[in-house]
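I have a structure here, written as structure tokens, and I will follow up with some questions on it.
Every chain is named by a letter (A, B, C and D) in the order it is written, and numbering of its residues begins at 1.
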Amino acid sequence: MEGTDRMTPVLEIRGLRLAFGAREVLRGVDVRLEGGAFVALMGLSGAGKSSVLRAIVALEPFTAGTITVDGFTLRPGPVPRESQLRALRRKVGMVFQQHHLFEHLPARDNVTLALVHALGMEKAEAERRAMSLLDALAVSPRARALPRELSGGEAQRVAIARALATDPPLLLLDEPTASLDPARREELGGSLAALCRAGRTLLVTTHDVDFARHFAQQVIVLADGQVAEIGDPAAVLSRSSHPATQRLLQARPGSRAS
Amino acid sequence: MAQRSFSRRRSWRIPAAAVFLLSLAGVTWLLAAHLRSREPSHEPPVLRWGGDPEGGAPYVEADPRNPSVMRGFDVEVATAIAHGLGRQPQFIPVSWDAIDQSVRRGDFAIGMSGVEDTPARRATMLETIPYYEFTEVLTVRAADRGRFRTLADLRGRRIGTLGATMAYALLMKASGPDGFTTVSYDDDVHPYEDLKSGRLDAVVLDNIIAARSMRQVSGLYTQPVPLEVGHYVGVMAPGNGALRNRINAVLLARMRDGTLERIFKRWNVWNERQAVFEARLIRDGGHGTVAVGPSLPVHRGVLATVRRYLPALFAAAGITVVISCGAMALAILVGMLIAAGRIYGGRIVSAALLGYVELMRGTPVLLQLYVIYYGFASFIRLPAFWASLIGLGLNYAAYESEIYRGALEAVPKGQLEAARTLGLSEPQILRLVRGPQAFRLALPPMTNDFVSMLKDSSLVSVLTVVELTKQASIFAANSGSWVLPGVLCGAFYLALSLPLAHVARRLELRWKAPTA
Amino acid sequence: MAQRSFSRRRSWRIPAAAVFLLSLAGVTWLLAAHLRSREPSHEPPVLRWGGDPEGGAPYVEADPRNPSVMRGFDVEVATAIAHGLGRQPQFIPVSWDAIDQSVRRGDFAIGMSGVEDTPARRATMLETIPYYEFTEVLTVRAADRGRFRTLADLRGRRIGTLGATMAYALLMKASGPDGFTTVSYDDDVHPYEDLKSGRLDAVVLDNIIAARSMRQVSGLYTQPVPLEVGHYVGVMAPGNGALRNRINAVLLARMRDGTLERIFKRWNVWNERQAVFEARLIRDGGHGTVAVGPSLPVHRGVLATVRRYLPALFAAAGITVVISCGAMALAILVGMLIAAGRIYGGRIVSAALLGYVELMRGTPVLLQLYVIYYGFASFIRLPAFWASLIGLGLNYAAYESEIYRGALEAVPKGQLEAARTLGLSEPQILRLVRGPQAFRLALPPMTNDFVSMLKDSSLVSVLTVVELTKQASIFAANSGSWVLPGVLCGAFYLALSLPLAHVARRLELRWKAPTA
Amino acid sequence: MEGTDRMTPVLEIRGLRLAFGAREVLRGVDVRLEGGAFVALMGLSGAGKSSVLRAIVALEPFTAGTITVDGFTLRPGPVPRESQLRALRRKVGMVFQQHHLFEHLPARDNVTLALVHALGMEKAEAERRAMSLLDALAVSPRARALPRELSGGEAQRVAIARALATDPPLLLLDEPTASLDPARREELGGSLAALCRAGRTLLVTTHDVDFARHFAQQVIVLADGQVAEIGDPAAVLSRSSHPATQRLLQARPGSRAS
């Protein structure tokens, strides 16, 4: 109700409730992202971060609330048929926590597949784009390897490249930093920041406080199926007094060291 | 390279093992056929003997005055034998080409109905000493008596005979060198009629049948020079040796005291050839007499017979391959559509498809072939070949669809979700992500079906298509035994399925399970 | 609960669809059978007619003076018809129970050989007006003439007859209420012999055969009161209506001018029943005459027939189920062992197993059944039932093993590695981790095989085991048509496979793909 | 050769070379762990950390060198048959980077399986042990869930519980912290530290510098297929001048912040 006067959001989640069987995981989540935002979604393991992202890309049915992506609205009830999701698919990209690479295709073809068949790009051009992306993420040497031949971090970066390839206006990344070494995280953070400077909108779940603090413009803390706290990373992650945030960070080494 | 040679070695090892086992089985069987004894523990007071009433005079025929009483020289010989054993003869009617099986099954102790002494029969059954020596003779139209004196004169012509006879074997052998066509009949009347009507240029059958037919069909001429000499014997079940020897003794005795001569004279089939023949038999007490010179084709033994039938079998195998491959292609195509329909289709669609699958899987394919071939004939009259191909294809499609459905559902959902978020359409996902990974899972069961399709294709013989099994059974009927054709038939199917299985394995290795 | 009711609804929907389709197919077939026309474009100068020489006097027999010439009242009637049509009769020999198929195939225009007018035949073929009215009579031992006057007197006794005849149908119907055993013979001589020898207590056959047999077998008595009235007709191919009508005309004419009477008298089968019958026919010009009172069982129509054969079919279905389940159990067990051996075994073991698989898959199961039943008989003589079960089981084991191998290899390697690092032994891993997950992948193809096993089990009929298909073909032989038994047989198989498939689907849902 | 006078090591890797096809990933790795050690194995993504661990548990064949675990020695060439590895299996436990949970078993049974069938423990007792472990890792509420129903972090913790259950003297953990929130990491670190105080030996790969610094007694940096640096965490991770270590940490937010 409030804030409708502000510029129309790229993503708006209202009172999202989501349950697996009897177990209600999300109990009314409200999120609002303007274009060009870089938002970190944090919370305890099992808090429901992945569920939120999966709900946004219409992979998880939800019981109440609405999800609106740039005009396209998802409603409670069974997931709509793919044919009705065309519009949504063009607007949102996703990196899965478990990567979900196409096991029968080499790294490069994992990236080009959508470019060629969904965007109808020339094969040669698609491969150029794929290689440049893999290069930027420092996995181009493994471009010909099958997913089962990749290391954890390499697989993760290929998955990121695959999602970046189609260059969707809204990008959801589920724990993209999980198995990256510090240097790679830095690089990833940098390129993501560049992306949202270019107008893309990013919603990133992460357990890496430093990463969130240095790259996100805003942090959303998910707890007990609801948004516990929203705000500037520095504020939330350093000086927050909110119990949920405390629970998430309380044991943070940095804080203990001091 | 190394890979290649390795796989080659492998591909050799398998047929080797297989063929070894196969021949093992075959041999056991032949062996067993010899060893197996069916002799009853205590001998009954009657001698049950089998003959074919349709054989007609002078062999076995129903007495017109009293159709349940049989007459003919075989009848009288059988009676003589029975009495010689101190038993009453009991006649068991049986169709001519079933005599061997029946006697083997023990329906009667001895079969006598113009039963020829052939290598095949000798290999699998027990034979008495021969009691009559006949000749295979060449009958032509009287007008051609000058032109067609020998088989060699009949190059490019059509020669008729009775299937499953020595004459047939003789023609099969000669047809190669002399280049004529052999036409096999099921009865001995039509060949001569067709000869007269010009559909044939010659008929080769034994002198008795020839003489009989000449009386009925006019304008024919039988060349005096016999093509071949053969013998009628009594056929008995393997292992019935004791009884056989006593019967042989009786036969010899009846030759000595002239009983046989009287019998044959009464049915005027006696000739001085018999005199010589019996004399020889009596001289050396029935030993080694059946061993006729190796020059005679029917005594060439197994290998020759096989060589004779190979061409026909190869041709039939061709049909089998074509129908199987065609049907399998259809099955795969339709099966994929059904599987896709069941996974992506709405409630109604998938329910209907499920109905189709259960109906096709649940009912015998034979029934379905009948319906397609005869049932639909009023709407669309399909040629037997196409009916077979479509029938088998649609039936197997049901099985394939289940295989694909299972395989498609086994592909990790996560990858499908990823594909969706990338904006690929469901058909694209099926084609690019789900299908390729499902295919490898489906490969082993698919190979199973392809291999069994090769054999199920034999069902189409009911639609008058002559494929491998049918050809083998023709072979069997003509060689009078199922053993050799059976083993050959098996070997052919094996030879067809081995490469198939091998290719499938190669494919499997190629697309090694991504999860591996 | 909701789940349950849902699944129940589902389980109903499928058979509904299936049975609907099945009956559709059946109906089409019946329909087609009527519509299909085989009439030649222009009529040949000869009338090809088919009869069974084995039928013997007075129907059709070979003239002893000239075996290729046929004689008998059917022969003379056929000749009269041919001449009436201005054609020459041409006789085509055919075995009695193949007459319908042959005429349908167009081997000859009309079949006349004591062919009975039955509902089954009327449903599928074209019949001329009847040309002879016979009666089914009860023959007993002279001694019993007082005790056994009607079927009702024969409760608990054995009554013989000829299979595929109206008499058989009549007995099948009465056997229920009157509680006697019907014994079906393939020829009409043995029943009377067995009656005399006491193996039977009565024989029911038509008056002509009875009379003929009484002349040969002494000490028998035929009860004067007929059990049933029937008619001999000429049978023709459906769609041959034009010719049929002209033949009917000829038949009526020959009745009027007394030709038929003379023929029947010559073969002394004329009686005043014929006079009445012909008079009636001539009166109403051959219309509605075949419609005999509904009281007569053979005219009870399809449903009654079906009800009559159901018990036998159910019993046979039982055999089918037992053999299929037993064989499948064996196949699964052995298949698992083979699959395990091929994955975990050394080079030699897996090579040998591969050989076994290719041999069993590659050769026809029929051949394997023969080898096991006959071939091994010399070493171990297996009862037919066990030979069938083992033969099918070992054959299917080869297919199953391939399915399991593929499924086992599809289980994610990572889990196996994890299991190893946990210290589980390979057998434990197979049992606890790999097997369970492979099983679900294997379920759809396994179900396929189980369902087709149900039908392949019909092969064991060659080993004298009477299962569903065999029983159906007996039914077919007796009802003289394949349509009804075929559809019934299909329905039975469907009824067996549907629950099976349903259970399999439930299992699949239960162990939903973990990757899902 | 040197140091044989010291107490016999639990794990000794000598000149380990490992190649995938033509690509040599490890070029002579030497590692030596005494009992009760808590060692962090670090390195760029794709450096070969997982390969080292997999080689130790005889899942990856290697081309040169030897691996000796408490007297049991692995040599180059194909992986020995399972039957010959009994001794090794009892000595080493492993947590996989991709978890590799048994997909058809609920979380709890994933933990009890080995206890019951490998150690022959009573079912009831095994379940008690499993529940207490899951409890310690805060996933006991999900004990009945199938792996596919677990969140990334939950799956990871179940995998850890499964490895801890059989209580092997040498424990290899591949990125156990990857998808854990800061609080869970702290707890995990704590319980691991407790384990090695109890005499267990731990070799842990991680990209989490703070985690390594606070819990490991020693850090091994893997680079270019060899051990680039080895030493006290504080020293290596804060004041190292080694180029490889620089490359790994150079972008570390902490360092930049200063």
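Note that a residue touches a chain if its C-beta (ideal position, glycine included) is under 8 Å from a C-beta of that chain, and two chains touch if they have at least 3 such contacts.
As the structure is a prediction and not an experimental result, all values here were calculated from the model.
Trainee: Over the chains that touch one another, what is the least number of steps taking chain B to chain D?
Mentor: 2
Trainee: Let me have the rounded angstrom distance from the C-alpha centre of chain A over to the C-alpha centre of chain C, please.
Mentor: 68
Trainee: How many angstrom between the C-alpha centroids of chain C and chain B?
Mentor: It comes to 22 Å between the two C-alpha centres.
Trainee: Which integer distance in Å separates the CA centroid of chain A from that of chain B?
Mentor: 70
Trainee: For chain D, what residues touch not just one other chain but two or more?
Mentor: In chain D, the residues touching two or more other chains are 98.
Trainee: Which chain B residues sit where two or more other chains touch them?
Mentor: Residues 412, 414, 515-516 of chain B each touch two or more of the other chains.
Trainee: Connecting every touching chain pair, does the picture come out as line, ring, star, complete or other?
Mentor: Topology of touching chains reads as a ring, each chain with two neighbours.
Trainee: Spell out the part of chain A that touches chain D in their complex, as residue ranges.
Mentor: Interface residues on chain A, with respect to chain D: 20, 42-46, 50, 97-98, 139, 142, 149, 151-154, 157, 174-175, 178-187, 207, 209-211, 213-214, 247-254, 256.
Trainee: Show which residues of chain C lie in contact with chain B when the two form their complex.
Mentor: My answer: residues 13-18, 20-22, 25, 28-29, 31-33, 35-36, 53-54, 56-57, 61-64, 66-69, 93, 187, 189, 212-213, 215-216, 351-352, 354-356, 358-359, 361-365, 367-368, 370-371, 374-379, 399, 402-403, 405-407, 409-414, 440-441, 443-445, 447-449, 451-452, 455, 458, 469, 482, 486-487, 489-491, 493-494, 496-498, 501, 508, 513, 515-516.
Trainee: Which residues of chain C touch chain D in their complex?
Mentor: So the residues of chain C touching chain D come out as 412, 414-415, 417-426, 428, 432-433, 436-437, 511, 514-516.
Trainee: If you look only at chain D, which of its residues touch chain C in the complex?
Mentor: Chain D reaches chain C through residues 57, 59, 82-83, 85-86, 89-90, 92-94, 96, 98, 100-104, 113-114, 117-119, 146-148, 162-163, 166.
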